[in-house]
Structures are given as structure tokens and as C-alpha cells.
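Look at the two complexes coming up: subunit A is in both, with subunit B in one and subunit C in the other.
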Partner chain A sequence: MDRADIEKTINEFLVEEIEIEENLIRDDALLKNDLGIDSLDFVDIVVLVERNFGFKIKAEEMTDIRTLRQFYDYIEEKVNA
Partner chain B sequence: MEQAKAWQGTTDGGSFGQRAMLVIFRYADVRLGYFIVALTVPFYMLGRRKNAGAIYRYFRQRHGYGRMRSLWSVYRNHCIFGNMLIDRFACYAGHAGRFRATIDGEPRFDRLTAGEDGFLMGSAHAGNFEMAGYLLQQDRKKIYGLIYEGEAAVMQQQREQILTRHRIGMIPVRDDLSHVFRMQQVLAEGDIICMPCDRRWGSAKAFRLPFLGGEADFPAGPFAVAAQLGKAMIAIFAMKTGAWSYTVHVRDLSDRLDRSLPVRQLAGQLAGRYAAALEEMLRRYPLQWFNFYDFWN
Partner chain C sequence: MKRAVITGIGIYSCIGKNVDEVTESLRAGRSGIGIDPVRTEYGYRSPLTGIVERPVLKGVLERRARVGLAEEGEYAYVATAQAMQDAGIDEDFLREHEIGIFYGNDSSAKAVIEAHTTCMEKKDTTLLGSGAIFQSMNSTVTMNLATIFHLKGVNMTISAACASGSHAIGLGAMFVRQGMQDVVICGGAQEVNYLCMGSFDGLGVFSLRTGDPTAASRPFDRDRDGLVPSGGAATLIVESYEHAVRRGAHIYAEILGYGFSSNGGNISQADPAGSRRAILRAVEDAGIRLSDIDYINAHATSTPHGDACEAEALASLFAEYRTPVSSTKSMTGHECWMAGASEAVYTLLMMQHGFMAPNINFEHPDTWSEPLNIVTRTSEKNLDICLSNSFGFGGTNSALIIKKL
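Let's turn to the complex of A and B:
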């Protein structure tokens, strides 16, 4: 899966499923402070990542992920591993 | 979705007080504690006027009581709250087996615990939800309670000893989201998550629902988890019916739920059923509501 597809899939589910406003979606957006993603949204994200990318997010892998770019990088690394 | 109100408090009593309670109730009957509570509650109410005021308004506005009846009910409400804390300390001190329980809705609970799937139990600050874990006898599944890190360390430590004995674990709610992963793991392993559905736990999102003649915001979290993960959900209320006795009411929130609905709608339905079940409890046991703040919008 290439980077563009990964970003498109993630952005679509952030807008449609997590109900984040599209104008807030940018690479350097902070997941918590800019996009307002909280632990309830995270339940959805874990399920949606498994459904769309075929792997389960691990808690320890998310500790250093703060921005949307870092999240794209993480997904790309896992998908293309 | 709305933004849920947050409870701004912590559990009362320092570590020394809690340790003292454990020692006392290792040997004393709970009724001694109830007697002391009855004498000390008025001073507590004077010191916590804001809390008492919220409960006064609950009786006046939600149950339509007159002024004197509401004042008397506030006193009784605080006494029952104190008595329930004593019951918990009696359990921590090793007397859980002395409590008698009547279970209303036991067949549904038994069917769920006999099955392979994990499920969620929604509780409330009505009655004594912690007692439900000790009173509901089953040994197939482990129950995990979500706890807030505002609790005193010694209370957590003392809980762990009795909870381990009753196959009950704890999942602390933390900023690092570890509780989210732990919850999913617990449910995937076929165990039970128990959480209060009238306090938020890491998300401000809520459903605004009709409740006891007004409107109130119920945190979306528990219902969204059940809906998103496709798990059954029941509501559990352990209501005090006397010294050493409780009735545990089990209400099935996911019976005949239309699982083809979008997750948000499913979650909303679960929340609506929960609010209706909680209202049923408060109409039967009006004195056992323990959200000491203005819950309604």
C-alpha cells in the first residue's frame, strides 16, 4: 500500500467515523490537542486500523506518536513491513 | 454528541482514616458503624453544603418532594451513603460472605457468564455498585473494574486483596491510553468490564437523554465501546435493602438490539436503555442516588 493511499484511508476515517472537521486535518496536527482525539476515539481507531490495514495497534507502539504525520509513518511502517 | 459534565471530587478520608476503618470493621458489626454515621452525618452535611444542596434539588425537582421531606431525605441519603462505605470496609476486612443478596435478573447474567464472549456491565453512583462484584457469584469469568486515579492509594491496595479473592481486577484510567488496549484485551479474552456509566472516563462526549423528568448528559464511552466491539451490555444496580442485605438488579441493555445500525446510533440506543433502567431504580430507591452535584442540565 503506498503512502498516498494510507493517508487517504486514515483521513477518511478520521472525518467520517471519528467526526473530525476536514479543515483540521494536516500533517503536523497534534492528535490530542489539535484533532481532539480522546480515549473513546481511540477505541474506534484501533478497530478501524485493524479493519482497514489488517493489524492490531499495540499500546507501547503509540506512546511516542503525537502528530498525524507520525501516525501515518507508523501505519506505513506496519503495512509495508 | 454533547460534552458530559465531570465530577470534580475525590474519595474522602485520608490513608490513616481508611486503615483505621479496616481495623475497626474487622471486629465490629456494621450496625455500630451505621449508628456512628447517623450521629456524624449532620456535621458532614454542614461541611459539604454544595453536595447536600445538589441532593436537595434532586429530591425537590426530580421526585417532587416538599421542602421538609426533601431535607429529611437529604439526611437519610447521606446516612445510607455512609452505611454503604462501611459495608465496603466490612468486605475489605473479610466479611463479604456475611452479606445476603437477592438477584433480580439472574438468568440473563448466568447466560452471559456461561457464554464464551466478554461483555460489559454498566453501573452507576446509585446503590453500592462495588458490592455487586462480591454478591454476584460466578467463577467462569474475571470482572475488571475501571477505576479513576483520584482514589487514595491505600483504598486501591486494600481493594486489590479482596478483589483478587473474588476474581475481580482493576484497570486504572490513565492519560497514556493503556486502559483502552487493556479493555479490548479483556473483552477479547471473554471476561467482563464493569464501569460506571454516569461519570466520564477520558472523553467528554455524551448523549443528552430524558431522565427523571429532565435532561441529563450520559458519557458516551461505555456504550460506544460496547457498540464498536459488538459486545453485550447489561446494567447492574446493587441496592441496599437492610443491614447486611442487598438486592442486585440486572437489566439487559442489548437484548434485541439492531446490530445493523451504525455504531453511533447503536451506542445511543444502549445509552437510552441505560438511562431508562437507572430511572427505574431511582423511582424504586430514591434515597440511593450518590452523584453529589447537579447532574441535570
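Let's turn to the complex of A and C:
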């Protein structure tokens, strides 16, 4: 899966499942402050990542991830590992 | 002591998704019973059920509010939104007043079983999602509605089997009469899916009259062969009379009496003595005579033993007055945890519109129902004081007496 597909998949589930407004989706958007993702939403994102990419996010690996771009990077690294 | 009145009602059931549709069905004697083929595949003895369409709440409620709602919570949300609108309670009112909630619910089986199935497959609880816990708990309805509507008063679920909804109204009325709350949202909710009724079906108490689903639920009839499970949700806004008058709210009726009892015996079988004690306690609480009651909405579910017990209790108290009786479960099936609340709503709608809904499918009395004055056709009648009975597993009994204002 290439980077474009990864970003498209993530954006789609953020808009369709987490119901984040599409116009807020930007590479530099802060997950918490700009997109409004809270701890309960993150529980659902864990499920969505497992469903769409086939692996489980580890919470300890997410501690430094603040922006959407960092989240794409993390998923890309895991998918291609 | 204050007076507890009803200022708003909402209903989502197999005979209608709002008060207008339900009123029309009650008047027409229309059944909401059908067949769910999935139940047969799953191993049920009976595929009969009330047919209830799930409401679409996407676009109505934000995602976080929807994620925690189990099926019965969706029904309860719709019924409660209707009741609040009916009562003239809006967001400003909710912000400025302390409103409580007592809601009857006694299972959330689908949510529990689906979470279990996921966990068995994934072997990882963190893949259950954020809503699983809030959908799975017995208090799912009250925890979600209290959050959605920003309620700040008393907040709890009443689990009392098939009398849950009725006790919720009785307790709400007590809180209001005691001056502890000005307004309490009361009601009952019941999930309608193949995962929630399997163990009940396994007792062999569901009707097998699959050839004619609308004739399957036949309370008090000689040829009844069991109940038909059903569900949805019903909500009543219970408020102090003074508070309702002060804000100019429309008042449907007063909750004049609440009676309760426990049979103290068999876990599944009814007992006429327990039913009588609940009814007599409600009559005493209401300060009326038995002869003052114009109509009885019976609990009768269409099981051979349960209906006979209620008929015996009712005959011993009301036969001499020829008090009209009908069981709306003949149309709705047994709405279980919701039934006490929905049947209070059905009774209120009859009071409001001046008619008695029929006990459809009552063709031949048996020894026990023969002394009763069972309403078999829709009858126009001014109803001033009505009794609504609800009985449940474990011998829990509830009786409500409602007076039109």
C-alpha cells in the first residue's frame, strides 16, 4: 500500500466513521486540538486501523504523535515494516 | 404531599412510531406482530415477534452520543425526544432546571453478545470499541439519555423484569410527590432482536401460532398458547402539578396511585394474591374505591397460567362492577421491560381520545376470564380513572392508577 492509499484510507475513516468535518483534514492538523479526537475516539481509531490495515496500534508508540502527518507516517511505517 | 402529573408522552413501538400512529392502531385494533426468520435459523421454537424498525439517528445525534446507544437506547431516545417536545421542554429549560430520570430496562443482550463474539475472534478487548461498555450495561438507557439531554437530577435504571417500566413511573411519581424532584423522565425500553429473547423462548412460553401471526397474541382467550415478544420504548414526563401549572404545560393526567408487591414464591409463575395486593395498595394510595375505576389495562401476556392468575385476581376485585378490561398486548405482543411504560401511554391515549382499545383475538373465555368484562371491540367511552397492571419474573408486581385532568 503506497502513501497516497494510506492517507486516503485514513481520511475516509476519519470523515465517515469518526465524523470529522472534511475541511478540517490537513496534514498539519493537530489530532486533539484541531480534529477534536479525544481518548474515546482513539479507542475507535484503534479498531478502525486494525480493520483497515490489519495491525494493532500500540498506545506507547502513539505518545509523540500530535499531527495527522505524524499519524500517516506511523501507519506507513507499520504497513511497510 | 405534592401531586404528580403527566405533561408529555412519547412512544416508539410495533404499532406506531409516535402517538398519532399508535392512537390510530389502538383504535383500529391493529396488530404489530410478524415473523422473524432469523430466529428459526438461530434455534428458536417461535419466530413470532413485534416488528420494530430501528430509527436512523445519523444526522440527528452526533457520533459520540450514538456510539454508546444500544438498540433499546435508540428507541428510548426517540420516545424521550417526542415526550420532551410534547411537554414543551427544550434545551433552555434543560439547562436551567434539575430534571431526573427513572427508566425501566432489564437487558442489553445484543451489545453484550456482540462484544463477546468480537473478543472470541480477536482475543483482544481493546478491539471492542469505545461504545461497547456503554451499550452493554443494564443502565445503558439512563446513562445515555442523561448525557444526551444534560440531566442533573436523579438518574437511574429500574430493573424489575416485565414490570420495570411501571415501577419506573411509580418511583418517579413518588419522587415528585415527595417534593424531591419537580420533573422526572420516566419510561421503559426493550430491545427487539434475536439475541435477546433466546433464553426466554427456551422456556417454551412463546406462542407457536405462526400460521396467523396477528392472531398469535390472544390474552384471556381460551385458545391462547403463549406470548409474543416485542419491544421499543415509551416515555412519560412526570411533573409536579404546581410546576406544570406554573409553566403553563398541558396536563394529560395525574398519577393518583402506585401499588407494588412481591409474590415471595415461584420465580416464573404469577400469583393472584400478589397481583391483588399491588392493585389494592394502588387503590389505597389513590384514595378511591374499586368501583371508581373506569377501565383496566391488564398485564395479560397470552400465557395460559399468567392470564388465568390475573383474571382470577381481577374477577375477585372487579367482577361485581363489570369494569371493562383489555390487554393491549393482544396487538403489541409483550413489550417486556418497556411494557409498564408503554401500556401507561396506551391508556393515556385512550383517556385523551375517549375510547377503549380492544383485546383483539379474544373469541372464547375460559373458566377464569369468563367473569371479566373484556373489551372485544373499540368502544367510545369517557375514561376518568384507569388502572394499568404490570407483573414480572421473580414475582414483582406494579399497579398504576391514572386520573384524567
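As a convention for this text, the second predicted complex is superposed on the first by the 81 of 81 C-alpha atoms of A that agree within 3 Å, B and C clash if a C-alpha of one lies under 4 Å from a C-alpha of the other, contacts with A are read in each partner's own complex, and residues count from 1 in each chain.
The rule is short, and it goes like this: contacts are C-beta pairs under 8 Å (C-beta built on N, C-alpha and C of every residue); 3 or more make two chains touch, one makes a residue touch a chain.
Predicted, not measured: the structure shown is a model, and the values here were computed from it.
Enquirer: Identify which of subunit B and subunit C touches the larger number of residues of subunit A.
Expert: B
Enquirer: Can A:K8 be said to touch subunit B (first), subunit C (second), both, or neither?
Expert: In the superposition, A:K8 touches no partner, neither subunit B nor subunit C.
Enquirer: Counting only touches as set out at the top, which of subunit B and subunit C does A:D44 meet: first, second, both, neither?
Expert: The answer is both, since A:D44 touches subunit B and subunit C.
Enquirer: Between subunit B (first) and subunit C (second), which does A:R26 come into contact with in this model arrangement: first, second, both, or neither?
Expert: Neither: A:R26 stays clear of subunit B and subunit C.
Enquirer: A:K58 contacts which: subunit B (first), subunit C (second), both, neither?
Expert: Touch partner of A:K58: subunit B, not subunit C.
Enquirer: A:I18 in the overlay: touching subunit B, subunit C, both, or neither? Say first, second, both or neither.
Expert: second
Enquirer: Kindly list the residues of subunit A that each of subunit B and subunit C touches, one partner per complex.
Expert: In the superposed arrangement, which is not itself an observed complex, subunit A uses residues 40-41, 43-44, 46-47 for both subunit B and subunit C.
Enquirer: Spell out the residues on subunit C that touch subunit A in their complex, using ranges where they run on.
Expert: Counting only subunit C, the residues touching subunit A are 62-64, 67, 122, 124, 126-131.
Enquirer: Can you list the subunit B residues touching subunit A in their complex?
Expert: Against subunit A, the touching part of subunit B is residues 173, 176-184, 201-205, 220-221, 224-225, 228-229, 263.
Enquirer: So in the complex, the part of subunit A that touches subunit C is made up of which residues?
Expert: Those in contact with subunit C are residues 18-19, 40-41, 43-44, 46-47, 50, 56.
Enquirer: Considering only the defined contacts, which subunit A positions touch subunit B in the complex?
Expert: 17, 38-44, 46-47, 57-59, 62-63
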